[in-house]
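Chains: A, B, C and D, in written order; residue numbering restarts at 1 for each.
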Amino acid sequence: MIKINGLSPATLTPFTEAFEIDYGALTAHIQHTSDATGLFGITVNGHAGEVLTLSYDERAKVIVTARAALPSSLKLIAGIESHATDGLVREGLRAKEAGADLLLVIPPFDIRTWRHLSHDSDSVYRVFERLDREVGLPMIAFSYPEASGSAYSMDALRRIVSLDHVVAIKCSAGTPAKYAEMHDALHDKTTLLVAVDTPSMLGMLMHHAPGALVGIAVVGTQRWSDLVHHATEGDANIAKQFHISFAVPLMRSIFEYHTHRTPTCPFGATKEALLQLGQFPSSVVRAPGVRVDDAKRAEIRAGLIAAGLLRT
Amino acid sequence: MIKINGLSPATLTPFTEAFEIDYGALTAHIQHTSDATGLFGITVNGHAGEVLTLSYDERAKVIVTARAALPSSLKLIAGIESHATDGLVREGLRAKEAGADLLLVIPPFDIRTWRHLSHDSDSVYRVFERLDREVGLPMIAFSYPEASGSAYSMDALRRIVSLDHVVAIKCSAGTPAKYAEMHDALHDKTTLLVAVDTPSMLGMLMHHAPGALVGIAVVGTQRWSDLVHHATEGDANIAKQFHISFAVPLMRSIFEYHTHRTPTCPFGATKEALLQLGQFPSSVVRAPGVRVDDAKRAEIRAGLIAAGLLRT
Amino acid sequence: MIKINGLSPATLTPFTEAFEIDYGALTAHIQHTSDATGLFGITVNGHAGEVLTLSYDERAKVIVTARAALPSSLKLIAGIESHATDGLVREGLRAKEAGADLLLVIPPFDIRTWRHLSHDSDSVYRVFERLDREVGLPMIAFSYPEASGSAYSMDALRRIVSLDHVVAIKCSAGTPAKYAEMHDALHDKTTLLVAVDTPSMLGMLMHHAPGALVGIAVVGTQRWSDLVHHATEGDANIAKQFHISFAVPLMRSIFEYHTHRTPTCPFGATKEALLQLGQFPSSVVRAPGVRVDDAKRAEIRAGLIAAGLLRT
Amino acid sequence: MIKINGLSPATLTPFTEAFEIDYGALTAHIQHTSDATGLFGITVNGHAGEVLTLSYDERAKVIVTARAALPSSLKLIAGIESHATDGLVREGLRAKEAGADLLLVIPPFDIRTWRHLSHDSDSVYRVFERLDREVGLPMIAFSYPEASGSAYSMDALRRIVSLDHVVAIKCSAGTPAKYAEMHDALHDKTTLLVAVDTPSMLGMLMHHAPGALVGIAVVGTQRWSDLVHHATEGDANIAKQFHISFAVPLMRSIFEYHTHRTPTCPFGATKEALLQLGQFPSSVVRAPGVRVDDAKRAEIRAGLIAAGLLRT
């Protein structure tokens, strides 16, 4: 089984003002992100990569581009997304062919018509069983929080991690308490990656977590990697200090602690942060994502300064 | 403005055992359904048509097939679905070219990443404004219930019905109370179609409703059309009688009152009902939809008998 | 078993400006309400009677006063409320001694500490079993809607209606669909009273309901009694007409369709309606209930006029 | 303003097998708990003290007993509970007279009838304003999590902490992210006590928390006090170690991470833990609380052993 630990940032997809993918900027973004030490790999075509707005061709080309830009020592994780099981399998095969090392399986049940099936462990199992059999790449199952209405039950998780190719769970558990519950039930069977971009992250990392897969980590990647290292197996005092002085200002200004205080797209806000740091060409997002406005730009700037990434 | 009243059944998409669309059966299904009197039109590519599992090419071909099978006196309503605004516009243009008379706009926000935007009336307006401007077909906005997490606010609804091409709301309000609230706010500005396949339908129809757009009405279409007529403007005593003796047995056995008592796909159960009535080739659904099992078949048979559609 | 049908209005508790119970006004309120024909009885100490703010002594005195004011042909139903099982039993015994004919058992689980127990059918059963054994009055179990977080499961309901003294369920089901589900499961074992003061009432009444227990029925009681009669066993066309022209204007202006559009206490709004009709001394409510303001007064006046109870 | 920091355990109320309060055992429990160093005070009549089942006289006598047992250097915090504003004020005055130093104000809105008022900042303010004016003891406002349906809005919290006697918030925020949001908005105006008995506690303590007010801390009080000290201002590595090896086994076995995996009353489980440690006379709880069974006893025993409090 693949051993996954440390940080795997979920990267962004840069767009031109004409809403086309800027593949040159994507290459630079992947290279810059993967410069950090302590990474397991990087993720493309996740929610942070605005996968919902990418065509199937674009998704494949993003993988090819990322693979070319990524050192061979790092793994390439590719998100796959569809509300049809056939569609997911097709996406998986395309991602494999394009060069992905692992798949991040976004839940196909997160839509009103299927949502109740996320509580039916047979239905969940059948989807992963087909991916296991027909695609054959290592998979990370993205597990949503209860509040989403499409969380997998513990029984469903237990069944899917028994499949050969399901190597990890991306735990978007809402609370450290839920992370602990999943740890108790599953830690001897699989790897539970922390996947929240909010202040709840620290407590999860300190609760036996092996690593994290988060979008916010593309902003100041090395420090996020260090935070993950210190919270999980290094010096907890340093992790606490990084949490307070570095992580929280970014979580507040960019992700708004995931409260959706404003309608701004969090991935657009992440782009804006990298734009201000000179590492990204623009903050353009595709609709219905909402682009940052001037108030948000100022808030992000203040966050970057507070985090020590930008000078006043 | 198009005046919409009476019933518009949402039709099914028949599949072969190899999961291919059976276009011959689709033609027969459309013809049979449209034989009933009192219809405004029929709907394809809705949730009942398993739109989530159809490719873009299939969606277009379903429209072409339905248009050819439908009398010119009846309107063809085509569902469009995408989580990207560009994707919705593309779907709208394709549906227009394929021969749709009206669009049924499935909410693009019904997914964790966008769900909060369904409460932001600017975001909702922007999607419909683009469809209004770039597609230019009359539109029915599908409005989800609160419990879905992606209901439009009353303010958002007020704004979108001000657009020229938004001619009706498909009200999947959970309760007659919510339908009444929407009626108070919007009835002088738009048409509010009843869209629940449960026993909550009767009370909504009697509350000033002009018509209904529901999937269950493909089973015994003429009686559903009569029920809608009597509940809205005919004899309420007949409507009540039809509700008790005809509608409820089907709502219970096929749609399980939308409780998801079993994981069975409600659209597959509807297919099974038509199969037992000799009007459909099979009950095959595409995954992750769950096909009927023997217990469900027996329950549906009992429902058809209780509703007077099948002899013992 | 007691046969319960027709209407049982839930009455109010009149307060003086000093927040004391006005027992004279209570007597007049009970007498006026019970003048209508077609009633099963009347309810006191329900939520409409602001039971949460009444001391135990006041609750008993309300029962004594109501019993004295009520014709012997009508039943007196008394609400009992406590978050402790012992407390509920004590309340039941006090109500029995004070002259109640039946108890309305408000769920003891509707508080964060106990809410999960409402889903544990053993816990629900134990409470009603003790009341059954130790109090020995016929009981109506108040069943809350799912959205409350303290709804009883169908299994719990099945178990408690097997007890000798549990003679009816007050169904505050959110939707006619839920009412239908309860009807299927329980109608041959108990009586399912409709208990919503919103436009969802009509569809429930037409779905085999034997009667209703609602607070709004103290305003124009005779017409509510007629509405219940016609919807359940009379002429559905008249019921539909009463719904539109009489019931809905009151449901909108007094109960705000239970949307809590304003913070106003619905029971205070009901008091204000009776005050405007010359049947109640004041609209005073006890805190934290929020008294009507001038805007609400005007809205209620418009509602009474629309319902035909007040002249312009 | 009173400076509150460190730990304030919420104590239990011991009952005899006849369900009477065992005041002798209460005295011993208070004395034993208050032996630990690093405490601000202790709490009685909270949810852990089963306040919902205590009569008003019992609540007062518990305060008198606790005051007598508590060293004068420690503060006595008394919970007050009522669904009526008058009732809360009366409770506050009784608690003051009985010797409480501070009040813990349990939300009066946590019941279906009032729940919507918890989102109306005027209504929330009015309750605390009356307590501020008419009781005049320092108050800790108990703030419930969003999932309860009766969380105070940030605006309501901002307003009540402006009152002279509101000196702290007991933050039962579901997540460290919510704690962080409250910290940002309120930390310069009030004290935010951590109040979760789950693995989410550690991350909140490390996020600038001044202290904690939790029920689980009566089991091995000195170590909880040390954990709070190290997480907030001492050595984070020790706090992390205590979290893993001491706190989590107790949180899992006694509080079930607050998942209500079984119907057992968490306060009864806490009593059972102390019974096994020889510090409590029995695990009796009042109904509807559910007493521990043998399976739960064994689980608690395993938890105490894992936490190092009991030898095998």
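Just so we're on the same page, a contact is a pair of C-beta atoms (placed from the backbone, for glycine too) under 8 Å apart; a residue touches a chain by one contact, two chains touch by 3 or more.
This structure is a prediction, so every number in the text was calculated from the model and none was measured.
Visitor: Residue numbers at the chain A-chain B interface: does the shared fraction exceed half, giving same, or fall under half, giving different?
Guide: Copies use mostly the same positions to touch.
Visitor: Quick one: chain B and chain C, Cα centre-to-centre, how many Å?
Guide: A distance of 36 Å separates the two centres.
Visitor: Can you check how far apart chain B and chain D are, centre to centre, with Cα atoms defining each centre and the answer in Å?
Guide: From the centre of chain B to the centre of chain D is 51 Å.
Visitor: Two or more other chains touching the same residue: where does that happen in chain B?
Guide: Where chain B is concerned, no single residue meets two or more other chains.
Visitor: Given which chains touch which, is the overall layout a line, a ring, a star, complete, or other?
Guide: Its topology is that of a ring.
Visitor: By the touch definition up top, name every chain pair that qualifies.
Guide: Chain-chain contacts present: A-B, A-D, B-C, C-D.
Visitor: Using the touch definition up top, name the residues of chain D that touch chain C in the complex.
Guide: Against chain C, chain D makes touches at 19, 47, 52-53, 83-87, 108-114, 116-117, 120, 122-123, 126-127, 130, 144, 148-150, 260, 263, 286-290.
Visitor: State the interface residues of chain C toward chain B in the complex, per the touch definition above.
Guide: 174-181, 184, 196, 198-204, 206-208, 235-237, 239-240, 243-244, 248, 251-252, 257-259
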